[in-house]
Amino acid sequence: MNFWDKMLNIDRRWIFLAIGVVTIIPFLIGIGMPITTTTEVEDIFDFVNELGPENAIFVAFDFAPGTQAECMPMAVGVVRHAFHNDVPVFMTAYFPLSHGMMMAGFDYVTNPSIDGYYQVVEFAEWAHLREAGITTKAELVTEWENEGNVLPENAANWVFEGRDYALLGYAPLFHLVILGMTSSIANQYPEDANGNALIEMPMLNEHKSLREVDLALTTAGSSACMSWITYAREKIGTPIAFGVTAVMATDYYPYIQSGQIIGQMGGLRGAAEYEVLMVENDVTESTGKAFRGMDVQSADHLLIILLIIMGNIAYFAGGAHKRHQMKGRG
Amino acid sequence: MRKDWIMLPAVLILLMFPALTIAQPAEVVAEDSVENLTPIADSLSAEVPEDSVLAGGTDLRPVGREPLEEPGTVLLPPGMVTVADHPNDAGDQLIVVFEPSLSDEGLFAHAVYRREVGQGDDAWALVEVIPAGEPNEFVDGFDPDYPVEPGVQYEYMVAAQDLDGNEYQGPVSRAEITAMGEFYHTGKTRVLFAGGLFIFLIFYYFGRAQRGAKMYLRPIAGIDAVDEAIGRATEMGKPILYVPGLSSISDVATIASLTILGRVAKKIAQYGTPLMVPNRDPIVYTVADECVKQAYLEAGRPDAYDPDSVFFLTTSQFAFVAGVNGIMMREKPATNFYLGMFWAESLLLAETGSLSGAIQIAGTDAVTQLPFFITTCDYTLIGEELYAASAYLGREPKQIGAVKGQDACKAIIMGFITLALILGILDLTAGTHTLDWLRQIVTMPVVD
Amino acid sequence: MYETIGLWVAAFFTLAIYSFLYKENPIYRLAEHLVVGISAGYGIAITWEITLEPRLIQPLLAGDNWVLLIPALLGLLYITRFIPSIAWLSRYPIAFLMGTGMGIGFPLTMKASVLRQLEAAMAPVYASGMPWFEVLGNLVLIFGTLAALIYFFFSKPHKGLFFGTGSKIGIWVIMLGFGATFGFTVMGRISLLIGRVQFLLGDWLHLIE
Amino acid sequence: MKRTVPLMIVMVGGILMMIQYFIPHQYSQVVFDNYTEWAPIVGAFALLLGVGSLTRVHSHRIKRKAPNWPYSWAVLIPLFGMPFLALIWPESLWGGSDSPSVFHFLFMNIQVPIQSTMFSLLAFYIASAAFRAFRAKSALATVLLLSAVIVMLAQVPIGEIFGPWLQNTGLWILRYPNLAAKRAIMLGVGFGILATNLKIIFGVERNWLGGAGE
């Protein structure tokens, strides 16, 4: 066993340690290298940015906890963006476990401990305003504040359940649910995840089916996202945007070119681009988790490329390739 | 093979599509199918109740009950409404066209109301609000709260709204036709043809294969290496490891892998080399066991079959990998086969295998795992090559027929792309528009 | 208090999983088993609450939807899988869902993933004002798709200009594509690690923002 | 009864649904609407399969005192405890940070971290494989690794120190050669899946019947 072989047979826990160290250090230093944006993400951002209170979007949480690190920042980014522009957001979940992810994602946008959060007004709390016929966002905010409610200092705005958002959640055989929602959302979800009747919601009365919805963003860690193309886009032409894990992102480029999806956020990088676009356009004041992760991503990529190069040098210089050869190889 | 002429008519049928497209102007409503409506009354008096507007769920202000006092701001009421049946629906949509208000100034929107014939004034339902300046035509029936029922006769009335929300109502028009459902969706003809052609091709080749026709399949590199790899293991006197993937029996990759396992095991039985087949799925385990036993029997060495060679490890993904890696480090097999469906664990298996110095042959249809196999293994069957390899080795009509049928479909696709390339160049040089014509063949509008 | 305990428990289990990198150990095994039980238990609770209760039990109790008993009975046949003598009955619900699911999917997949993709593959190579790299890209796109299809064509030997050269170009294009997948997969796996480190250093230890 | 009826169900159901796609008429719509109402109910029961086999495997282990049997309690207790909690305390299902509940706690603080961390282990394994296994053994593997390195650098901000060409090349690979390869694979795999669906619908492929006795 020569030097190179010894190097190749190093206990892999040393490599684990190296990755661990390289992942932690950049976090503590915090460089904040700039990120350029790509058209795939800009297209989604611009699309959402054009929307207003008269529109509505779907944000589908179609991932399980395993891939939340990648998918959550995308979904959270788009929900924030929509809330900023007063665009009503329907939220759904493809798997039982993604139901929990939806709740966690919503909690992240509306949690008072995070600056720039959106202060929730629950459906029952503003029932009297609804009954009085006040349903537009601007009027609601005025009336609500006239009643003595004060927006906390670190909050960005109020969001009214049923006016600005509806948590629809999980339903089994979700592709059929998508198909059903092309004719009526309330038929598929008589109640939302909090037990509120959907037909009483102003946002539902303005957007009764997927036909009246302007965009569906699906954030997925599996091919679940394809259901939105097959069952919504191909049936009634709903514009679809993808936010998928990096592992799957390369597979969906054909759908961007064919125009079946308006754009795609691929992995943490895609989410970071969206965060950058939001800051550039004054939607949020600071970037989020995805952008902060990109420094580490840089460091880890460099390390892995280095490992590949070193490994190959050791392999070829040490002559391991000669011992491991079959006759027929060209 | 000579009978590939079957492709010719198939392509010809596809080429007939543009002709079909020209023959049936899809969404255009023919003049004569639109019945003119008879006005019932110039009923400006038909008051619209306030709540029906609210129930309609729009942002608009409540309807003013009286026209404004000041003259000059009064809008001209819209005119008559014509209704046509919407094609390709379940009898739940109507195409509604109305004559808009002639007023330009102060016009905010048109509100369209509908009720069943014979209902009173309080039955008017607001079905659509069309902002001024937008087309005076829409499809009625999309609102799940006010569905259009097939066979029911409706009356329509349009009102012009000014900026203050006052309405100026036009005449009530009775639709002479009712919504009807159709038995064939004309917008889906291309899908029907494509689907039909696909079904035909698959079953045509399937039938031929079953009747025992000889069909050519090209050799696949990884498969040629199998013999050599087995020979090498025999020379070294070391065992062979075969992992039939981690998925269930319903996975196509698993089925393909088990077919290959049968062939490999037969060879191994002839050489008398030890074999190890760890399993993650209990059902796959039983099938794999059966498969190997059968192979030893076919090779004429049932005595050499070791019942412990095929075994069940555990269902947990990472525990399975840990188990297999342990075997690799202990037994140091000379050759590792990873054929079937793999997930994230592919990396771990192939890494340990390459460190143990084994020859590795992998194959999967999981695209995300293929790069790892290609860089760590000596031979990799990429995607469909795995299916083809199992058909090639197994010579089972079911599999060969499927491979040939899919090849025929790929040939059609390739034909289209090649033609598109040629026509594209022609268009560039001659300035014609032939590519658009070709694209028409497969282009479909988004239809419900 | 509730949140603090939660953070510590979550951090404990995160570290329990990472302990596997050093060596397999009982705490890792405990975590591994817990996750199986909790996710199945969560699935049952959600399915009951969202499907069975509102879509089956409530309509049945309301008394006017007796027809829903048919899918309910069909669904209950799944349980026969655990009674060997009548296990074959469990094929009925499987057959129902599989057959109809595939029937629905067939034309839609044909449309969304075959015809639409074919249409997009026949894009023009050049339009006025296109930069050179896009034209080159379009050429790569058309020839690459064609060549990769040739590689996966099994009815002809890979010989001659069309099939021989075509399949060679095809495998190169496929390798470039796999390279992209490789790079993105590495990126994805690291992102997941970053997510956990952000949790440990940020949410739990408050070392970073 | 044991094989023929299921095969008939698959065939009738499959063909019916295929034809339904082409018929917009209200009768066909009624069939479809009923189906979308029934299917989730049938599908919901499929969960029982998973629960049943988990219960069986782990109760056997406990009974036989198989190796590591005490861990089986860690599967069984939450498996039945979670639904029980939800049943006696339905609100807890939707608990948030402001409404503490055991159910929510177990999901957010045990399930989510464990599952996320399990997947993140792969980052370590990839690093180890990068050093010890990813080899440029052939021209093709070299192309693959080169393309991978370019894409990896182009995707992170630090890649920009090499100049804009790197990022452009990375994006170019993604948008053209990658697209071509993936489209070809997709069409091929798409045909494969469609053919398999057909074979199952028409009863040619019967493997799915397996595992339930004869």
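The chains carry the letters A, B, C and D, assigned in the order they are written, with residues numbered from 1 in each.
The criterion applied here is as follows: a contact is a pair of C-beta atoms (placed from the backbone, for glycine too) under 8 Å apart; a residue touches a chain by one contact, two chains touch by 3 or more.
Note that the structure is a prediction, hence the values are computed from the model and not measured.
K.L.:
Looking at the contacts, which chains touch chain B and chain C alike?
P.N.:
Intersection of chain B and chain C contact lists gives A, D.
K.L.:
If I average the Cα coordinates per chain and compare with the overall Cα mean, which chain comes out closest?
P.N.:
Per-chain C-alpha centroids ranked by distance to the global centroid put C first.
K.L.:
Considering only C-beta pairs in contact, identify the chain pair with the most of them.
P.N.:
Chain pair with the maximum contact count: C-D.
K.L.:
State, to the nearest whole Å, the distance from the C-alpha centre of chain B to the C-alpha centre of chain D.
P.N.:
18
K.L.:
State, to the nearest whole Å, the distance from the C-alpha centre of chain A to the C-alpha centre of chain B.
P.N.:
24
K.L.:
Just how far, in Å, is the C-alpha centre of chain D from the one of chain C?
P.N.:
4
K.L.:
Could you please state the distance in Å, as a whole number, between where the Cα atoms of chain A are centred and where those of chain D are centred?
P.N.:
Roughly 18 Å, centre to centre.
K.L.:
Enumerate the residues of chain C that touch no fewer than two other chains.
P.N.:
Expected reply: 20-21, 32, 36, 39, 42-43, 46-47, 51, 105-111, 113-114, 116-121, 141-143, 145, 149, 152, 174-175, 177-182, 184-187, 189-190, 192-193, 195-196.
K.L.:
Please set out, as single numbers or ranges, the residues of chain B touching at least two other chains.
P.N.:
Residues 188, 191-192, 195, 198, 318, 355, 367-368, 371-372, 374-375, 378, 383-384, 410, 413, 448 of chain B touch two or more partner chains.
K.L.:
Note the residues in chain D that touch 2 or more other chains, in rising order.
P.N.:
If we look for residues of chain D contacting two or more partner chains, we find 18, 21-22, 35, 39-40, 43-44, 97, 107-108, 111-112, 115-116, 118-124, 126, 128, 130, 132-137, 140-141, 144-145, 148-149, 152, 155-156, 174-175, 178-179, 182-183, 185-188, 191, 193-194, 198, 208.
K.L.:
Make each chain a node and each touching pair an edge, then name the shape: line, ring, star, complete, other.
P.N.:
Drawn as a graph, the chains make a fully connected set, so complete.
K.L.:
So in the complex, which bits of chain D are touching chain B?
P.N.:
Touching chain B from chain D are residues 18, 21-29, 57, 118-119, 121-122, 125-126, 128-129, 132-137, 140-141, 144-145, 148, 182, 185, 187-189, 191-196, 198-199, 202, 204-205, 207-208, 210-211.
K.L.:
Give the list of chain C residues in touch with chain A in this complex.
P.N.:
The contact residues of chain C facing chain A are 21-22, 39, 42-43, 46-47, 50-51, 54, 105, 108-109, 111-113, 116-117, 119-120, 123, 141, 177, 180-181, 184-198, 201, 207-209.
K.L.:
Provide the residue numbers of chain D that touch chain C in the complex, in ascending order.
P.N.:
Its residues touching chain C are 1-3, 5-7, 9-18, 20-22, 35, 37-52, 54, 56, 68, 71-72, 74-83, 85-87, 90, 93, 97, 100, 103, 105-124, 126, 130, 140-141, 143-152, 155-156, 168, 172-188, 190-191, 193-194, 197-198, 200-201, 208-209, 212-214.
K.L.:
Mind pulling up the chain D residues that touch chain A in the complex?
P.N.:
Going through chain D, the ones touching chain A are 35-36, 39-40, 43-44, 94, 96-97, 107-108, 111-112, 115-116, 118-120, 123-124, 126-128, 130-138, 145, 149, 152-153, 155-160, 167, 171, 174-175, 178-179, 182-183, 186.
K.L.:
Which part of chain B faces chain D closely enough to touch in the complex?
P.N.:
Those in contact with chain D are residues 88-92, 150, 181-185, 188, 191-192, 195, 198-199, 202-203, 206, 249-250, 252, 255, 283, 287, 315, 318, 344, 347-348, 350-351, 354-355, 365, 367, 371-372, 374-376, 378, 383-384, 387, 398, 402, 405-406, 409-410, 413, 448.
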